[in-house]
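Below is one structure, written out as structure tokens; the observations come after it.
Here the chain labels run A, B, C and D in written order, and each chain numbers its own residues starting at 1.
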Amino acid sequence: MNTVFQQVDISHYIYLSTVLFSIGLFGVLFRRNAIVLLMCIELMLNSVNLLLTALSTYMGDAGGQLFVFFIMVVAAAEAAVGLAILVMVYRNTRNTTVNFLSNLKG
Amino acid sequence: MSALPIPFLVLSFITILCALYVVTSKNPVHSVLALIVAFFSISAHYVLLNAQFLAIVNLMVYAGAIMVLFLFVLMLLNLGKAAEPIKSNAWALASAISAGSLLLILTAAFQKSGEQVYRNPSETVGLVKNLGKVLFGEYLIPFELTGALFIGAMVGAVLLGKRDSGDHESSALAEEKGASS
Amino acid sequence: MNLYILLALPLLGFTINGLFGKQLPKFVVGALASSLVFIPFVLALTLWSEVKEAAIVSQPFTFLQVGDLNIEFKLMLDRLSLIMTLIITGIGTLIHLYSMAYMADDAGYYKFFSYLNLFIFNMLILVLGANFMMLFFGWEGVGLCSYLLIGFWYHNPDFGYAARKAFVMNRIGDLGLLLGLFMIIQHFGSLDYQVVFSEIAKVSHPQWVYTSIAVLLFVGAMGKSAQIPLYTWLPDAMAGPTPVSALIHAATMVTAGVYLVVRSEVLYTLAPMARDLILYVGLATSLLAAFIGLKQNDIKKVLAYSTVSQLGLMFIALGCGAYSAAMFHLATHAFFKALLFLGSGSVIHGMHHEQDIRKMGGLRKAMPLTYVTFLIGTLAISGFPFLSGFFSKDEILLHTFHHSPWVYGLSVFSAGLTGIYMFRMFFLTFHGTYRNDHYAFEKVHESPILMTLPLMVLAALSLSGGLLNLPHYLTHSHSEALAHWLEPLFVFGDAAVHVEPSTEWALLGVAVSVFVIAFVWMRQKYVVQGRVAENDDQMSGSAKLLAHKFYVDELYDSLFAKPLQALGTWTYRVLDRKGFVAFTDLMGKVTHWKGQTLARIQSGNIELYLIIMVLAAALMLGIELFA
Amino acid sequence: MELILIPLLSAALAYGAGQQLNRSLAFALSLVPGLVALALGVHSIDVPWFSDDIRLALNPSGWSNLMLLLTNFLVPVIVLAGWREGEKFSLQVALTLFMQAALNGVFMAQDGLTFYIFWELALIPIYFLALLFSEGDRFAVTLKFFLYTFLGSLTMLASLMYLYSLTSVGDDGHHSFAYSALQAVELSTTEGFWVGLGLFLAFAVKIPLMPFHAWQSDTYTQAPAGATMLLSGIMLKMGLYGLFVWFVALAPESLHYMLVEDLFDFRDLIMVMGLAGLLYGAFIAMRQSDAKRLIAFSSLSHVGLIAMAMLTMKSDGVNGAVLQMWVHGVNAVGLFLVVDLIERRLGHRDLEQMGGFAKSSPFFAATALIIVLGTVAVPLTNGFPGEFLMLKAVFNTGTGYCGVLAALTIIFCAVYMLRFFQLAFMGPEKGSLSSLEWNEKLALLIIGAAVLYTGVQPQIILDMVQSNTDSWLNAIAESGGILS
């Protein structure tokens, strides 16, 4: 019982990240501001990262943590591009809510 | 099950609270700040899990770079308190039900999978030395590819962000349209 | 000798005249066509003695061979087909010659002769064929030629309509014939005459098979030989040029039905019910046509109904089982009816295409040759003693008398009617005063020698045709030549007739007196009293009924043509357009409408999509977990 | 194989030639495949395609040979006179040649999926030909045609896949789409019925049989002449070919399926469909004044009889039906050509407004008459032998009234075809036709010669297919599909 995580069951990390994921999901569903949407997505990504790290540690496999690393990289790229798009959309529409994106309407 | 260690409980509490605030706050700036706090606490979780490298990277990349980028954009567009159309309660309910049902299902799925718990945690796996070996050995090619991805993302972001000189009229027109609608 | 030459020559004529006739001089076209009919006639004559020994059969060629069925091109010249061939080519030659003058001014001269040659070709296939399929080839082929020639002056839509009517009516008969062939194949496995007839002669099948085949073949004969109910096309077929009427619609094609029945003698002897049917149909046709002929005023229409009536008489003979008598009448009828038609053609030619006998009269002075020959023809058909028609008709009447008295009575009555309408027409045309205001009497002229020569030859034949088959009571050594000639062909032969000589003389007396009554009555009415046939609007009652041919055309029209047309229109307008097509379109519309409804779900509301996506993911996971 | 590659190459050449493509060049291009096949023979092929069990298997047998002859004989005629020379001529020719390749593939295919692929491939060029060059409401009409045939194809695919799953697994561990393997599958009657129904629908739509014909008259009428000729002359034969080769021979079990117990089975249903189409087409054709529509409905009437004859499953009936497929192809192309030649000159095709063309163009009238007589089935023209055999088989099979009703066609056909001929070519002159071009004359001559030659020598065609037919009929009889 020398480190904290040896006292914590893996299931608690799973519950924690599931809750975080659901909160992020709720945000994605609920909010309309595109920036907040992006933030909620980051939150969801982080919940997954947390889970991956926990599993990686508990299994003693470095692969999981490296995946987290890669996810971070991709998330950074995503955030950059996503924000750039947002800026452009805002320039054109003066708006960052998502319901103007209704070109998919049948 | 024995009582959980205090640090874990506290950190988890902070994380969930901040996450909720991110989602519910009306002011995007507050959301960003809450999110940063959440990221900090997640980093702390990483520390608890003996994953020092990830804890640092998380701090630098997420809490540092990405969230600052968000803040910049918010400031730049002056969206501080921009009126976001408030959704109806029904909408909130629908969202909550959707997300909640997924939460339930996931939890149930885990419960059903039984007590298949890993009990041989490793203390060394998250150390920089260890990770570095794996990263530059087994995962070298994906690692290099992330570099290409970054270049692509960078170019894309720059191109998107750049205001094209020939684009003035059309964008002006679009602005008018946006204003009128 | 190869029998195919007989066929090849007219076909050659058709091809040459059809392809190059336009460039050739008219005389060459006519002479070529005539000689290519005449040569087969000569060839057939040279084969006389050979055929007398045994039938000549040609090398067969496969036409169709499927499974067990083998149908060949195969010709056979036996005693029966030799007679038919001689009639066809002989009279055909005369009519070709006649046409050279008659059609001289027609733009379609070459076409006319090529069609005529094609007709001869098909008719020869019909009679020379050694199996039912060849017969059917000829059968349909002559129908086609008849169609082409009736519609020869196609710029007149009525003529075209008449041609179509002839073809379609014939096709109805052909349907029966075709079904008969199917049954023959089904039960006897072949179409070859020899095989089929020897199979039939074994009498190994139930009675209904023979009866139904016989009836079906007779339906074919009804169409071709213009018997009730399929006779209405023949009078309309007079729309064609007169030589066509003489050749096709009097002398040759229309007798094909008689030929078919005579050919299938075995079958009909074994199917007495079918023969009774033939008898009654023939009798009814003979009487009906004779009645209608009484009040017709178109010179060709009178002859047409006369032809129908005479064909009826032939079928009466067949119905009594008197096959050689029918053939005898077929031959003599070919002589005098061709003569009469050609004579009428000469009159029409001389009168510049006037066909109404009410507008003629007194032509005997203007057209003496035509007059004399026409007179001979009229006498022959009416049964003037010792002319051809007298003998042939008497033989039939003798058989009917033997069959049953009332059939005899009705047949004699029909024969009497023949005399009446023929003399009515004859006197109205050639005696009395000239009655046409539009065409001066001085302009009426005798026809050229090319037309009168065939008339004279045919007149000679009509006079002497009785020699073919003289009755017992005149000569014992040479009697019944035709019957004896045909006898070897028949399995069962003619129905035997045993009549006391006194009865026979009594019947002759009846026949002669019927003729005399008709002659005297008509002469009294139209020559002595000088009466003229009444105009259409003056007619009343029965006369009107007869002049309108018992309204049979109208009846058929409202019974078959109109309902069929209405059905066709209804099927298209209602069933097809408003039914099937509209139904399909409706399906399209329903789909379109449904699609529009469904499209509304695609609101473009991304949030909604998201919620649905999440719920669906949850649902799927749940199903995976708990199902 | 060359019968597919050469037309594809020719199509590319024709399209590439663009405006430089003239009539004689196009004609020469279209002739090449047929001539090559005649000179070198048709080579079969059997190689793995998508995978080991989906093979590109092309192997012409008796029926295929006849159908190949039909295709490669008629396509040159269509190229010769079916299309009007104009701006889009090269496109039309290219699509026609493309069609030729696909049709050749359909008729040679010995593998279920190969057959299906070529079957669908043939739909593409005709769809564009109809869509781009039709008159009237071309989009709706073409769409209707397309959807109809496409739906049918889908059911066929489903049936083929099902059959595939039942084939015995070979040495290589795969099921097989090979024709022989599909044929060897034994089905129960009920199972066979559903499989057979799927196959049947595809062919019934294409033929078309009676309730599935709604696309036909509009498409035939509004499509350009060349497309109509392709449709009626060759594509329709795809349906008939498939009906026997890919339906009756593959799922003979289905024909026993009792739709009404002890009274009425699937085969009777198809017979009745054929008969209904025969009478229905004839009734309508008798009253049509649009010449093209008249011929479209007459076609409906004729194919009804062919389908009936095939379902007799008697040697004479089936052979007669195959013979008639060739004959109908030739005659339909001839008749649509006649109508189109008139339409090109008059600008309309209303029979009531025509008449007397025999006077101004006797050659045209004579050849048209020959084709009409061929359709009417006058002996010694091509229509007769086939119709004789078919009617005989129908008459001798099953109940007689069916045969008698079917035989009525010889009367009805005479009525409407002669009406057509008379209104167009006889009667008083209503306008005269300018003289025919060389290519039009040549096309008419070719058709006319084919009509007469087949009429006198039908045995040549029958010899091509007979042994093939008999082997199928034997196979069907062995699999218990023989019927009273």
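Some points to look at:
Simple rule for what comes next: a contact is a pair of C-beta atoms (placed from the backbone, for glycine too) under 8 Å apart; a residue touches a chain by one contact, two chains touch by 3 or more.
Computed from a predicted structure; not experimentally measured.
Contact count check for C-D and A-B (C-beta pairs in contact): higher for A-B. Taking each chain's centre as the average of its CA atoms, chain C and chain D sit 37 Å apart. Per-chain Cα centroids separate chain A from chain B by 4 Å. Chain B and chain C have Cα centroids lying 101 Å from one another.
Averaged C-alpha coordinates put the centre of chain A at 98 Å from the centre of chain C. The multi-chain contact residues of chain B, meaning those touching 2 or more other chains, are 91, 94-95, 98-99, 102, 106. Along chain A, residues 25, 29, 32, 99 each make contact with two or more other chains. Multi-chain contact residues of chain C, defined as those touching 2 or more other chains: 607, 611, 614. Screening every pair of chains for touch gives A-B, A-C, B-C, C-D.
Across the interface of their complex, chain D is touched by residues 18, 62-67, 69, 136-137, 140-141, 144, 147, 151, 154-157, 160-161, 163-164, 167-168, 171-172, 174-175, 178-179, 181-182, 185-186, 564-565, 567-569, 571-572, 575-576, 580-581, 583-585, 588 of chain C. Those residues of chain B lying in contact with chain C across their complex are 91, 94-95, 98-99, 101-102, 104-106, 108-109, 112. Residue ranges of chain B in contact with chain A, taken from their complex: 1-2, 4-5, 7-8, 12, 15-16, 19-20, 22-23, 28, 31-32, 35, 38-39, 42, 45-46, 48-51, 53-54, 57-58, 61-62, 65-66, 69-70, 73-74, 76-77, 79, 82, 84-85, 87, 91-92, 94-96, 98-100, 102-103, 106-107, 110, 117-118, 120-123, 125-126, 130-131, 134-135, 138-139, 142, 146, 149-150, 152-154, 156-158, 160-161, 163, 171, 174-175, 178-179.
Per the touch definition, chain D reaches chain C in the complex via residues 140, 144, 147-148, 211, 213-215, 217-218, 280, 283-288, 314-316, 319-320, 355-356, 358-359, 366, 373, 378-380, 384-385, 388-389, 391-392, 395-396, 403-404, 407-408, 410-411, 414-415, 418-419, 422, 425-429, 458-459, 462, 466.
On the side of chain A, the complex with chain C involves touching residues 25, 28-29, 32, 98-99, 101-106.
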